[in-house]
Amino acid sequence: MRQFYGTSLATPFMLGTAQYPSPAILADAFRQSAASVATVSVRRESAGERAGTAFWSMIRDLDVHVLPNTAGCHSASEAVTTAKMARELFETDWIKLEVIGHTDSLQPDPFGLVDAARQLVADGFKVFPYTTEDVVLADRLLDAGCEVLMPWGAPIGTGLGLINPYGLRSLRAQFPDVPMVIDAGLGVPSQAAQAMEMGFDAVLLNTAVAKAGDPVMMAVAFARAIEAGQAAVRADPMTPRDMAAPSTPLIGKAFLT
Amino acid sequence: MKITVNGDPVEIEAGSVTAVLAKLGYGDTKVATAVNGVFVPASQRDDTALVAGDALEIVAPRQGG
Amino acid sequence: MRQFYGTSLATPFMLGTAQYPSPAILADAFRQSAASVATVSVRRESAGERAGTAFWSMIRDLDVHVLPNTAGCHSASEAVTTAKMARELFETDWIKLEVIGHTDSLQPDPFGLVDAARQLVADGFKVFPYTTEDVVLADRLLDAGCEVLMPWGAPIGTGLGLINPYGLRSLRAQFPDVPMVIDAGLGVPSQAAQAMEMGFDAVLLNTAVAKAGDPVMMAVAFARAIEAGQAAVRADPMTPRDMAAPSTPLIGKAFLT
Amino acid sequence: MKITVNGDPVEIEAGSVTAVLAKLGYGDTKVATAVNGVFVPASQRDDTALVAGDALEIVAPRQGG
Amino acid sequence: MRQFYGTSLATPFMLGTAQYPSPAILADAFRQSAASVATVSVRRESAGERAGTAFWSMIRDLDVHVLPNTAGCHSASEAVTTAKMARELFETDWIKLEVIGHTDSLQPDPFGLVDAARQLVADGFKVFPYTTEDVVLADRLLDAGCEVLMPWGAPIGTGLGLINPYGLRSLRAQFPDVPMVIDAGLGVPSQAAQAMEMGFDAVLLNTAVAKAGDPVMMAVAFARAIEAGQAAVRADPMTPRDMAAPSTPLIGKAFLT
Amino acid sequence: MRQFYGTSLATPFMLGTAQYPSPAILADAFRQSAASVATVSVRRESAGERAGTAFWSMIRDLDVHVLPNTAGCHSASEAVTTAKMARELFETDWIKLEVIGHTDSLQPDPFGLVDAARQLVADGFKVFPYTTEDVVLADRLLDAGCEVLMPWGAPIGTGLGLINPYGLRSLRAQFPDVPMVIDAGLGVPSQAAQAMEMGFDAVLLNTAVAKAGDPVMMAVAFARAIEAGQAAVRADPMTPRDMAAPSTPLIGKAFLT
Amino acid sequence: MKITVNGDPVEIEAGSVTAVLAKLGYGDTKVATAVNGVFVPASQRDDTALVAGDALEIVAPRQGG
Amino acid sequence: MKITVNGDPVEIEAGSVTAVLAKLGYGDTKVATAVNGVFVPASQRDDTALVAGDALEIVAPRQGG
């Protein structure tokens, strides 16, 4: 499995921490799925609230890699400031860089994304950019110093799966050595398996697990699917063919008519 | 002086970010700060004075996707 | 999990036994994937060859349910005689009924299939008919006494996956209480997960495992994918939506510009 | 007499399926049989006589999908 | 263009006559789209009602081929009797044979369909069977004496288009010389063009035109799309390729940097 | 039909002029398809060659709108200079702006594209940017002063059709008032009809026509398909439904069993 | 006698299909007929007698898809 | 002096773009020009002198997609 900024992950499953019915269910989802990375955010804290401390200690107990995001930022400067606050709070130079360019689709803004990536890399961050399947944008992000790409499967929270397999395949083929994570848009495990089968290195999701009827079971389901897709690539799948071919040999068949 | 803290107007005695955090009652809560959209590291809070009209943002760890 | 003629399977994974590089790899594929059913066939035996005995003892050691097939039969009578020979040899009344109607696609013959099913049920067989997604044909097979259906995903050996999801969904919806196995045509694990997510009760395949570069690893990959799809259904997936929705809450976001 | 066994012409002395299997050297091999496309259970092999022109099929367990 | 029982159609567009806002709009849809075949049915007539006479004279004025159907029949005998009544009323031996096997999907009943087709052919009918993409069923219908096949695109009235392109392609490839009409399930003209591009000989539809906001304009739209698909096949389309290729020649490009 | 920089086109069909077997066939393709816009390029001319003059007079005789391109340009400055040379030669301020960012896919470079668009608009050009389905990029191009967008269907010359219908639908929905042309990647007419049905205002293609066995017939086929899709939108198509619905009324059906 | 015509019970004097059609007032309307699910061609209506309990179906051209 | 014309090295007497085009034999051919990647409108060709090492591009209308 490819490394992410020199880090080998125990599993290629990155899981969000938002929207769970309870902290206990969140923790259980991580433990039972063996997700190896947890995405987190920074939000306003009131005096005496101490919500952050409670959340943070819970996450720390999960003993996973923490990947803070810049969710909701619509400009490079906002994202950069948010990243710096996150680095101080979470004591990590990893940052999931989101610069949203379009409110309905939450699509990344290619321009703000590259701008922010360049600033953050210069400041010593290890940037995980949430991007599209655009190969030119990918090239710019790599030029800016990103060593990982996180193309979307579909718009955040839609659960539509991989809406542009052709584009994602082209992206994967164009940069064979770059670690890539399919981030956002997945709804069911088969889509995560498909992403791994296409050669992506990991999968990041949140809503599909947190909003399932049983988030813990769904987290495990995704974990299994990701293992399945990863193993499938290593096992070298058969080549699909248009015409049928018998699996049971015809030779030796009894003549009975 | 009047400043805004996390978007709300606050009337508070002038001072450093450290002093203001203390007065607001954050004590030793683990937070990160920005003034007027610029990050202020914990190490610089003592030396960063707030003036009237400043916008102070105080954030902490939260759930994220 | 639904029962198959009163039998609860340990796992919803049925695996073929043909085309493996070696018997050792075949056995290993079953052991490591925990497939619970093995499909087998009957073929001509020469005097002194004893190939059948060797194969049979190997299969018995796997300690799985054995499902003999009538592969290669093109008429009801041929299939019925083959089924009877198989019952005597494998000491089971389970039969995977194949009546091929079209050589290029190995598509089941709806007419011969219903005819053979009726005869075999009358003779005490527990028939697992290899069929299409045709709901009327399914209805006839149930009338004939079949208590399980095995619709194809795609033509045998193609590895194309589920070529007609709409038709398969309609079939699943039409007979909610009938145990159904997606049989044939799968190429990669994500397709098996998808089949389970659609509500099918098990998956049967052979070529995708036996012809993979590493059959054992691929068998395990399919096993994981099948678990994933099965768990996903139980966990009650989110409903896909066309518009994006943030996973990280917007409330509390710092204002930084 | 001439019969076909698994598709091949064979010259063999008339007799029951059991007798013919023995003469062909199947001994106690685990096989199933059909004559002229009709299944002959093991229990009926003694009582099933083969006559000239009969087609005998002798099968055993094999790999299948 | 292939002939249908020896008849060359002026256009490969067959149009239904039901569900139009008014007879005038129906007539206009036929005239402006130049549809060459009109499907009709037989229904109960009350004494003095004379609705049949009015409808029939209107259809006759369209000067198109009339193709009566057996819509709503669920058994071979019902369909056969209906066909005979239709032949007497419409004075044609053409019959669109529908034997419905499943109420929700209005899927043809393969068994009743072949049975009725055999009886009708024996009685001198020219049978246009409404069938599925099943190649074995197709073979049986041809054996029964049908010289035309009408596979569905999708269930009647859904407007989903061609739900199983792989299956339809296989059917088309299996019987290259049999005239085939894609019947039912189309919703928009691009789907009709696609059907023709796949090598089908004609398209039959009703709901997509009759239930459009402007049935006349939609009929014309389908007529254009059918022409487009038919011409595309004759014009021998380019072969799709996975990699891009410049249309504007690179040679001679000015060097400007 | 929407206007393009104040110009109403006689037909929403824009056709390339490259790769035809002969100038006569090119001219015939335009005449018989009634394409209303011809794309052209500028290339090096040798002394005494006069190829440009011959080509240009032939194009002028077609009496269509001329849309020069900047094909093959990989930087904004190159594209801008090329655009200026084209304006002088073709005496039009229309320019199809191509800034290629990726050689294999010929994908537009979002960054160079916006940069060049801004410069050209400032210089009085009417820019037709060849772009992707990216809504943020689209927004930037509109900010830069473009009043038309030309999103790709698939990479140039592939003939794959609309590879990301979801993305194209989102783009169309996001800017309901902006004239949009599906440019590049189409292979068969049904795809052009589909593009129009999705609400796009015109279609631009070249390879699918020029490289067809019979370019003239294929040009006409595309023209018909484009008309079909355009009329379909106006005619207000039925809403697709999952369950079947009889087109022939059931009421009045004879009871025959 | 009692018969059913297009599904409705009708009390009518016995007679041939032709006679019954006339009594029902179909006159020369263009219709096709079936009795008890069996087609009765126009040419045989005179010779086809209806008896009590018969089900007569009378149909005419209609819209169809 | 040495310049390049459409990518090829050319030895030619110094002069304006107009002069060079004439010497090269373009006569009144309809062309557009750029020098060192910068567009030179026809109206400015007289006033645009070429110097050694300049790259002159001369283009005309062509097929395009």
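Every chain is named by a letter (A, B, C, D, E, F, G and H) in the order it is written, and numbering of its residues begins at 1.
Just so it is clear, a contact is a pair of C-beta atoms (placed from the backbone, for glycine too) under 8 Å apart; a residue touches a chain by one contact, two chains touch by 3 or more.
Model, not experiment: these values are computed from the prediction.
Undergrad: Identify the chains adjacent to both chain C and chain E in the sense defined at the top.
TA: none
Undergrad: Let me check something: if the centre of a chain is the mean of its CA atoms, which chain is farthest from chain A?
TA: The chain farthest from chain A, judged by C-alpha centres, is G.
Undergrad: Could you find the chain whose CA centre sits the greatest distance from that of chain C?
TA: Centre of mass proxy via C-alpha means gives H as farthest from chain C.
Undergrad: Using mean C-alpha positions as chain centres, tell me how far chain B is from chain H in Å, no decimals.
TA: Their C-alpha centroids are separated by 64 Å.
Undergrad: I'd like to verify one number: the distance from the centre of chain C to the centre of chain H, where each centre is the average of its C-alpha atoms, in whole angstrom.
TA: Using C-alpha averages as centres, the distance is 72 Å.
Undergrad: Taking each chain's centre as its mean C-alpha position, how far apart are chain G and chain H in Å?
TA: Once rounded, the distance between the two centres reads 94 Å.
Undergrad: Nearest whole angstrom, what separates the Cα centre of chain A from the Cα centre of chain B?
TA: 33
Undergrad: Out of chain H, which residues touch more than one other chain, so two or more?
TA: Where chain H meets two or more other chains at a single residue, that happens at 6-7, 34, 37, 57, 59, 62-65.
Undergrad: Residue numbers in chain E touching 2 or more other chains?
TA: Expected reply: 16, 18-19, 41-44, 69, 71, 77-78, 81, 85, 104-105, 156, 160, 184, 206-207, 246-249, 252, 254, 256-257.
Undergrad: Report the complete set of touching chain pairs.
TA: The complete list of chain pairs in contact reads A-B, A-C, A-D, A-F, B-C, C-D, C-E, E-F, E-G, E-H, F-G, F-H.
Undergrad: Taking the complex as given, what residues does chain D use to touch chain A?
TA: 6-7, 34, 37, 55, 57, 59, 62-65
Undergrad: Enumerate the contact residues on chain E facing chain C in the complex.
TA: Counting only chain E, the residues touching chain C are 101-102, 104-105, 107-111, 114, 132, 134-137, 139-140, 154, 160, 163-164, 166-167, 170, 174.
Undergrad: Considering only the defined contacts, which chain B positions touch chain A in the complex?
TA: Contact set of chain B toward chain A: 6-7, 24-27, 29-34, 37-39, 41-42, 57-65.
Undergrad: Please name which positions on chain F make contact with chain H in the complex.
TA: 16-20, 26, 39-53, 55-56, 59, 68-69, 71, 77-78, 81, 84-86, 88-90, 156, 184, 206-207
Undergrad: Per the contact definition, I'd like the list of chain A residues that touch chain C in the complex.
TA: 16, 18-19, 39, 41-44, 69, 71-73, 75, 77-78, 81-82, 85, 104-107, 155-161, 184, 187-191, 193-194, 197, 206-208, 210-215, 217-218, 220-225, 227-229, 231-232, 234-254, 256-257
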